[in-house]
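Sharing a structure here in structure tokens format.
We call the chains A, B, C and D, going by the order they appear; numbering starts again at 1 in every chain.
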Amino acid sequence: MKFSVAARLAYEVRDRTAFILNIEAAELRNQKILSETLTMSPSVPLDRFETAGGTRLVRAVIEPGRFEVAYDAIVELAMHDADPTTLRETPVAELPLDVMTFLNPSRYCQSDQLARFAYREFGDLPPGHQRVTAICNWIYEHVDYLSGSSNSETSANDTMVQRAGVCRDFAHLGIAFCRSLGIPARFASSYAWQLEPPDFHAVFECYLDGAWYLFDPTRMAALQGLVRIGVGHDAADAAFATIYGNAEMTGMQVSIAPVDAVENSEPTIRAVGIA
Amino acid sequence: MKFSVAARLAYEVRDRTAFILNIEAAELRNQKILSETLTMSPSVPLDRFETAGGTRLVRAVIEPGRFEVAYDAIVELAMHDADPTTLRETPVAELPLDVMTFLNPSRYCQSDQLARFAYREFGDLPPGHQRVTAICNWIYEHVDYLSGSSNSETSANDTMVQRAGVCRDFAHLGIAFCRSLGIPARFASSYAWQLEPPDFHAVFECYLDGAWYLFDPTRMAALQGLVRIGVGHDAADAAFATIYGNAEMTGMQVSIAPVDAVENSEPTIRAVGIA
Amino acid sequence: MKFSVAARLAYEVRDRTAFILNIEAAELRNQKILSETLTMSPSVPLDRFETAGGTRLVRAVIEPGRFEVAYDAIVELAMHDADPTTLRETPVAELPLDVMTFLNPSRYCQSDQLARFAYREFGDLPPGHQRVTAICNWIYEHVDYLSGSSNSETSANDTMVQRAGVCRDFAHLGIAFCRSLGIPARFASSYAWQLEPPDFHAVFECYLDGAWYLFDPTRMAALQGLVRIGVGHDAADAAFATIYGNAEMTGMQVSIAPVDAVENSEPTIRAVGIA
Amino acid sequence: MKFSVAARLAYEVRDRTAFILNIEAAELRNQKILSETLTMSPSVPLDRFETAGGTRLVRAVIEPGRFEVAYDAIVELAMHDADPTTLRETPVAELPLDVMTFLNPSRYCQSDQLARFAYREFGDLPPGHQRVTAICNWIYEHVDYLSGSSNSETSANDTMVQRAGVCRDFAHLGIAFCRSLGIPARFASSYAWQLEPPDFHAVFECYLDGAWYLFDPTRMAALQGLVRIGVGHDAADAAFATIYGNAEMTGMQVSIAPVDAVENSEPTIRAVGIA
């Protein structure tokens, strides 16, 4: 399934500022970038970097004045549909060792401190994709989605106490629980089809049976329409813009739409991943 | 019902030390102290203070050497048995104003931060004694009682995340939830009949229908055999000994036993309070 | 010195709401209320309560509609001026026992966790009023006063990490440090002469040499012009309005002015208290 | 300079357990492993992984019984000595993009929340190696090194409040401050020459002027005798053993000694790095 994604960012730059942007679709196995353009005004030389996980960073150093960024791409998602009941958890003894870093606690996902809860609540459930779905259901049922209820410092522990948050908080809690249980989990920012209102969206991925599978405990987006941008340990690794200098954002627009006729899919009963 | 209670404390005092002791039975409406003796060795002049809530503090200033404290009392508990299904919550508009301080958050009971959870989990339950019982059941079922899993800095927020604690942590969580819901709640240290092994025990009390009623989310002691000692906002108000100086505890013994034949009571289906 | 103080509050009440108001000047030894009026519109019966510390609470239950409160008073402050260099700390062995509750940690003042820092930074200073002044100077120099940088959940620990706050955060940090060092300290809300812009103001008091002395680490108000309202362990005990129901504040005005010609005082070199 | 390092670990394995071990010297530019042996008893097949940063992980799955690990290596440190006064900070606009991940906050290093403090305390110091040294001096002077004062959950925020910790806490605080100031910083576990008693030791590295330089705010080890093992964002990335299963450690020995005559170096006035 092909999607057209776009982002427009505008800033008023007051002093010379270094921008680290992460708005381009990630290079992932089953996420193929068919075409893309990244335009900056003013036009400046760019530094580029791609992480081992496929996240693409761009750095631009901008002099005072107006700064505009436009990104447009056509991305094909060759999602791997699997019967979720067949997707088992991989024992730690068999996990690829490069995946094991996603078992560690991180800034916003204190899986070490939440381990007892995770075992009490989810430890006896049948392992596999269904257990992670149960985790997502728990989050959906026990945390209020409430704009403005959290901020950039809010972590999974805070959300556990305060029971309100936005998509990144939902993802952080899901990641923390999964890691507590020995399931590698990572954060993904994304262009999210059917998200209303359109915005960057945070979801998470778990490593199950040899591949990463997507989960969205907010239930706000369609799993088969998530074009991932930044993939990392948590939101600290996936900001769409990090600003070193003095600049104010004056505008942002994000969009995603299917390019062709929409396939008649039934995503909720299928596991969606990037096997 | 009458109980004989006793405490023995021993310290090695290295420098001149002020002890604030809170081991005497509190002066409460339905807790009558029939006889008592407090002996200190060496014998020193004591300063005494009783809080508005009936907690009795003793201060002794001790020179270096061995320091021993012995307390023995016969206490009659004229517990008020009520049918729990009839005990309603008092609307804030009708609460005695001196009780309202027990709606405020305190050091170990962040009822402000736990409010959303409390409303989500307990907000729709029928108000009254039964709702507090539901809170105690929730704590019993969702937190592990585990010696050594917490310390003197552990608060209700920590217990909410880590899901393990001892009696004081169970009490703090219960107090926090009740205050979140508008139910005045206070902490009580106690001599606890049937507690094994014998020790000081922490429980909590809620103000319901004009009286304070006892709750023990650990289910470790018999509610009708709790001789309360220190009553306050939380454990910060009810330490059995606070030491200003340099002294080490070398021994502690606590005991409680019924004086007469035990009445054939059925506490679990009755609300126990001090109306 | 006499002051005229006034407060005006306005609310839009949506459902029947119980208001607990704490805007009247406290009954304190050297704070004499010469005259006062409290008017509510609509006029309703009031419940009144005065804490052991002199804080005066009023409860009003208001039906839906507009609710307005007006308080006006003339208050005489017979401040006790003392030479700060003579004001010693009272050893715990000699403290009045009713004052000892202000050594305990509270919701916003984790004096237990901050003790090592307090001893490291202030432990070797000469004890007494001058040490508390040193604490206030430290806070003034190490924390930014920044509106909007904190909220109702912010505690002394948070301020220690984040180094920004408003008057209540400055007071909480001062209280925590003092308690850590064995100096009883309490929170006071107040009408504050010379505060710009006019607002309720938070300061703190320490018990030194037999009396409570005022401190304002923000340096924003004149110590001899503080008409105290709510006195308690911390901000949890001194909200000017606590609302149980559904109401929105639509207006607030606070003012204070000296009634007579201003005396030519030199507050900065004198300790100000209510001996 | 050449060092002989050794580690001996012993476990009692109760159920089949997967061990992830990180005790081998890292593969770093100026840390050359001349020879090494890793022996396990029982001997089992090993899985190996080396991170992008040079950290080497080994996985062994062990059946119940006694499990012993022995590691011995000769490592040559070709340290880059530089005049610290010449080592500047690299502007973000010029940092290698793969280094930028070490500007992000992590589990134990909340550089986002500590930023205001870092700027207030260190923001006006001359940037470069000397500023990081000033940070280390501040930590050394303001935090007590105290065994048992922290645990595996302790983070930089906690240490900021409680002012006590061990080597990993000192390193976490240094890392957090550096990241707050825009200086990439990473955690390193190590064999540490002259550390008494011998143990694994935690230090940190900053990226300055094109290379990583070592810092030890505990001042317990000699910088030119640090054989690094695990390099990562913080201690979450560098545990010497992570155990998935049921096993108890029954013994551990760590040692490091220079192979040749010790050079007469003056490390304290030179920056030591791995340029």
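Keep in mind that, in the parts below, contacts are C-beta pairs under 8 Å (C-beta built on N, C-alpha and C of every residue); 3 or more make two chains touch, one makes a residue touch a chain.
Here the structure is a predicted model, which means the values were calculated and not measured.
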| item | value |
| --- | --- |
| Shortest walk length in steps over touching chains, chain B through to chain C | 1 |
| Set of chains adjacent to chain A and to chain D | none |
| Centre-to-centre distance between chain D and chain B (centres being mean Cα positions), rounded to whole Å | 46 |
| Inter-chain centre distance, chain C versus chain D - centres from mean C-alpha coordinates, in Å | 47 |
| Residue numbers of chain D (touch at least two other chains) | 110, 113 |
| Set of all touching chain pairs, with the criterion as stated earlier | A-B, A-D, B-C, C-D |
| Residues of chain A defined as touching chain D within the complex | 18, 20, 47-49, 51-52, 57, 59, 61, 91-93, 97-98, 100-101, 104-107, 109-110, 112-113, 152-153, 182, 233, 236-237, 244 |
| Footprint of chain C on chain D - complex, ascending | 110, 113-114, 116-117, 120, 142, 144, 157, 160-164 |
